[in-house]
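In what follows, a structure is listed as structure tokens, so that the remarks can point back to it.
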Amino acid sequence: MAGVLGAAMVLAVAPLVVILWQVILNGGAAMSWEFLSSVESSPRDPGGYLHGIVGTLYMTGIAATLSIPIGILAATYLVEYGRSGRFANTVRFFTDVMTGVPSIFVGLAIYALLVVSGGAGLGFGTFVGAAALATIMLPIVVRSSEEMLNLVPADLRTASAGLGARRWQTTVKVVLPAAAPGLITGSMLAIARGAGETAPLVLTALGARQVVTAFQGTPQADIGLLMTDGFSQPFEPGIERAWAGGLTLIIVTLLLTITARFIAARRKV
Amino acid sequence: MQLATAAARLRRDRAPRQAASPSRPAPTTTGHVFEVEDVSVRYGDFTAVRDVSLTIPRNEITALIGPSGCGKSTILRTLNRMNDLVDDASVQGTVRYNGEDIYAPDVDPVEVRRRIGMVFQKPNPFPKSIYDNVAFGPRLNGERDLDGLVEEALVRAALWDEVRTKLRSPALELSGGQQQRLCIARALATRPDVILMDEPASALDPIATHKIEDLMRSLRETCTVVVVTHNMQQASRVSDWTAFFSVDVDDEQGMRTGELVELDRTDAIFTEASDPRTEAYVTGRMG
Amino acid sequence: MRTREPLGGHAPLRGSASTWSADPVFRALALACAASVLVVLAAMIVRTTVEAWPVFADQGLISFLTGDLWDPGQSRSEVTGTYGALPFLYGTLKSAAIGLMLALPLAIAVALFINEVAPRRLRGLLAYGVETLAMVPSVVYALVGLYFLRLEVWRPIGQAVADSPLGVLPMFSGPVTNSSYWAAGNVLAIMILPIMTAIIRETFAQTPREERMAAYAMGATPWEVMRRVILPRGVPGIVGGTMLGLGRALGETIAVAFLIGASQRMSSSIFFAGDSVTSLIYNTFQDARPEGVWALLAIGVTLFVITMIVNVIARLIIHQVGRTTGDASL
């Protein structure tokens, strides 16, 4: 019996091994300074993913700036003020539901809300792409932050109150700093998720062929979008760069997750 | 040694007392820090403690003793309005602190808690450095000269020598007894004139307990101490005054309500108590 | 009397206005942030439904859901095309079902392995290994699936099944294409394995100790304990985990878009190419005229409603078991 279960374990881990092997093998071969520093004009031509790297960082950065503070404050409300009240439970429930919303639907919704003239009419661009990513990241930040805040022992709050701190002072000066490592962990996992999302960006950032620094109004590039462009067309340079792009994304997400796990583990000691 | 020097320094630094102004009564100069009149505390429908009247004399140690459920901790927490933090708690009666009713409608409970220090049963230092723990209270008050205040508080809590070289290291790395003295230092940092202690040594080993008791005696010079303890020997060792609480069981509803039985000088309570219940408790026949 | 001057002096016990108003402001701010989750969700639902409404109204809900022709019009102002979502709903459900059927036994087995069989010290590492699968971006799954897995693993397996006696059944019959429901289902299985394993593991870990101990005391082997105590007790969690996995599988876009094949034939064989709702949106958005976009919104809303129902049921079941921790980002 243990053998069957063990075989299952191997089978479960095998895809991860295969993916890492393939990405490192092919991506490593195609990785170069040129890849990181130049722009490809089409999958046929030489070049690199600089515009995608810039775009991904730019959009993920804005998305993090939006979703992390709002998410942590929302979790603060749930833990410190709402507790088990009806409103708080409703928020919790729908936050959980929101983690399961298809990411392409988020893209459609942000498109309808922000891009078209029936909505805000902002057009495609960096900010609307970031808004889509932020919408995906927000419930993740809220959930994990709530968990972390709940782990802060109640007697710290009592001690703070006994010293004459007001509610908000206790939250800001005691509870949030005590939960900080966990909050950082949760935020990093959310960022890893945001950086890896591609589907909603098809409908909001659209993609670009050069480095875009505009905040909004001009379609923005993304590593994932460039990859899909590259590997869906039969041109070698584009395909090779797609592998390198995959390697880049894997490295970024793995770095974030490993660091997050490391911070979380250290805290337990 | 450190303590005597610090105490001397403090006596020198004592600021002149402020004069009364029309909007604010002068702090009372009577011998009582607290005057509790007919206080009852309810949690929802449950009456935890009923009709308590007592006074806490200044610069003395008063112990609140009694069996579990008698309301001694509850009464302690009414002295600094900590019961307000419990959702369905309600307090009736009057509690005067230095002559002012702290339950008056326009009194800010946070201000009350800034004047009165509290130490809890289980040491609860913040997961910060030793320095930041002690400096927490003064920082809330906007103080600047934190170094001096931190040292003074740690000296008074008999912890300075042990931590002076590692003020920035995490408070949670200290032993249980040290953590509790750190919590005392933290409470002392804002120079309260009262320290409330809720079973401060019950989670500690005998040696650490001994240090805490010495500490309580040394604090008496500059503070009033009110301590809740279930350890009668501790009460008789340390306190000047003792208040004995008991539980009144309502057979009909099965409700246990606490009440104050008697308050007297400690030696009187332990040798010739007036009430038979007190005598039964202190001689170990009850509780 | 020897009391020192308390910090802050003898300020009145009555608070000053500025410190008293900070608390309600902070609370209001935190409340607003909590409410923002509901606001955003509501805004998304309302806006998409409103934009998509003309298509539902024009086609009629039934024929929208059951029609098999998707022929977008080019209009900017009215609905002129024909929109039948069936082939895409069919493909979405079919590939998700394949994914579930592959992932579920594996998730249960892995959960049992990690919890019951693996040495304690390895437990964290193994769990972490499974969770890392969730951290791989779907575009990387698409890439590796497209260029390696479907050619070296999935297609050969499919071919072997189609050539075997099983191939007589319509479901397993050839021809076996490179991209198919089968390929998409396989990648979905890998992608939903982490969340299913996490929830099932959590459920198994909550099996009451007393019941386990009682079984062991009666001489049960570890396998019997698994079969008779852990698994039966774990059914709600398994169901909940399955539904969450289903929700995730229904919504996946990039990996499915590149592996399902973009055929609207609705073949009964799992080895043939098909199409899915998410692939349709992904593939046709860029060239869609306003009318086409409304139609995509309509089919997107349909998918959202389905996944929302699945997720709500899943969460309700899991809430019974107890809110799981740590699955937010899986």
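Order of writing sets the chain letters: A, B and C. Residues in each chain are counted from 1.
Definition applied: a contact is a pair of C-beta atoms (placed from the backbone, for glycine too) under 8 Å apart; a residue touches a chain by one contact, two chains touch by 3 or more.
Predicted model only: the values in this text are computed from it and were never measured.
A.B. asks: Between A-B and A-C, flag the pair that has more C-beta pairs in contact.
C.D. replies: Between the chain pairs A-B and A-C, A-C carries more contacts.
A.B. asks: Whose C-alpha centre lies nearest the centre of all protein C-alpha atoms?
C.D. replies: Minimum centroid-to-centroid distance belongs to A.
A.B. asks: Any idea how many Å lie between the Cα centroids of chain B and chain C?
C.D. replies: Centre separation, chain B to chain C: 55 Å.
A.B. asks: When the C-alpha atoms of chain A and chain B are each averaged to a single point, how far apart are the two points in Å?
C.D. replies: 49
A.B. asks: Counting only Cα atoms for the centres, state how far chain A is from chain C in Å.
C.D. replies: 16
A.B. asks: Pull out every residue in chain B that's touching 2 or more other chains.
C.D. replies: In chain B, 110-112, 114-115, 137, 190 touch at least two other chains.
A.B. asks: Which chain C residues touch at least two other chains?
C.D. replies: Residues 19.
A.B. asks: Two or more other chains touching the same residue: where does that happen in chain A?
C.D. replies: Within chain A, the residues that touch at least two other chains are 166.
A.B. asks: Which positions of chain A touch chain B when the two form their complex?
C.D. replies: It is residues 153, 155-156, 158-166, 169, 173-174, 177-178 of chain A that touch chain B.
A.B. asks: In their shared complex, at which residues does chain B touch chain A?
C.D. replies: Answer in residue numbers: 80, 82, 85, 110-115, 117-118, 120, 122, 124-128, 136-137, 140, 183, 186-187, 190.
A.B. asks: In their shared complex, at which residues does chain C touch chain A?
C.D. replies: 19, 22-23, 25-27, 29-31, 33-38, 40-41, 43-45, 47-48, 51, 105-106, 109-110, 112-114, 116-118, 126, 128-130, 132-133, 135-144, 146-149, 190, 193, 197, 222-223, 226, 244, 247-248, 250-254, 258, 278, 281-282, 285-286, 293, 296-297, 300-301, 303-304, 307-308, 310-312, 314-315, 325-326, 328-329
A.B. asks: State the interface residues of chain A toward chain C in the complex, per the touch definition above.
C.D. replies: Per the touch definition, chain A meets chain C at residues 1-2, 4-6, 8-9, 11-13, 15-16, 18-19, 22-23, 26, 70-71, 73-74, 76-78, 80-82, 87-88, 90-91, 93-106, 108-113, 118-119, 135, 138-140, 142-144, 147, 166-168, 171-172, 186, 189-190, 192-193, 195-199, 202-203, 206, 224, 227-228, 231-232, 239, 242-243, 246, 249-250, 253-254, 257, 261.
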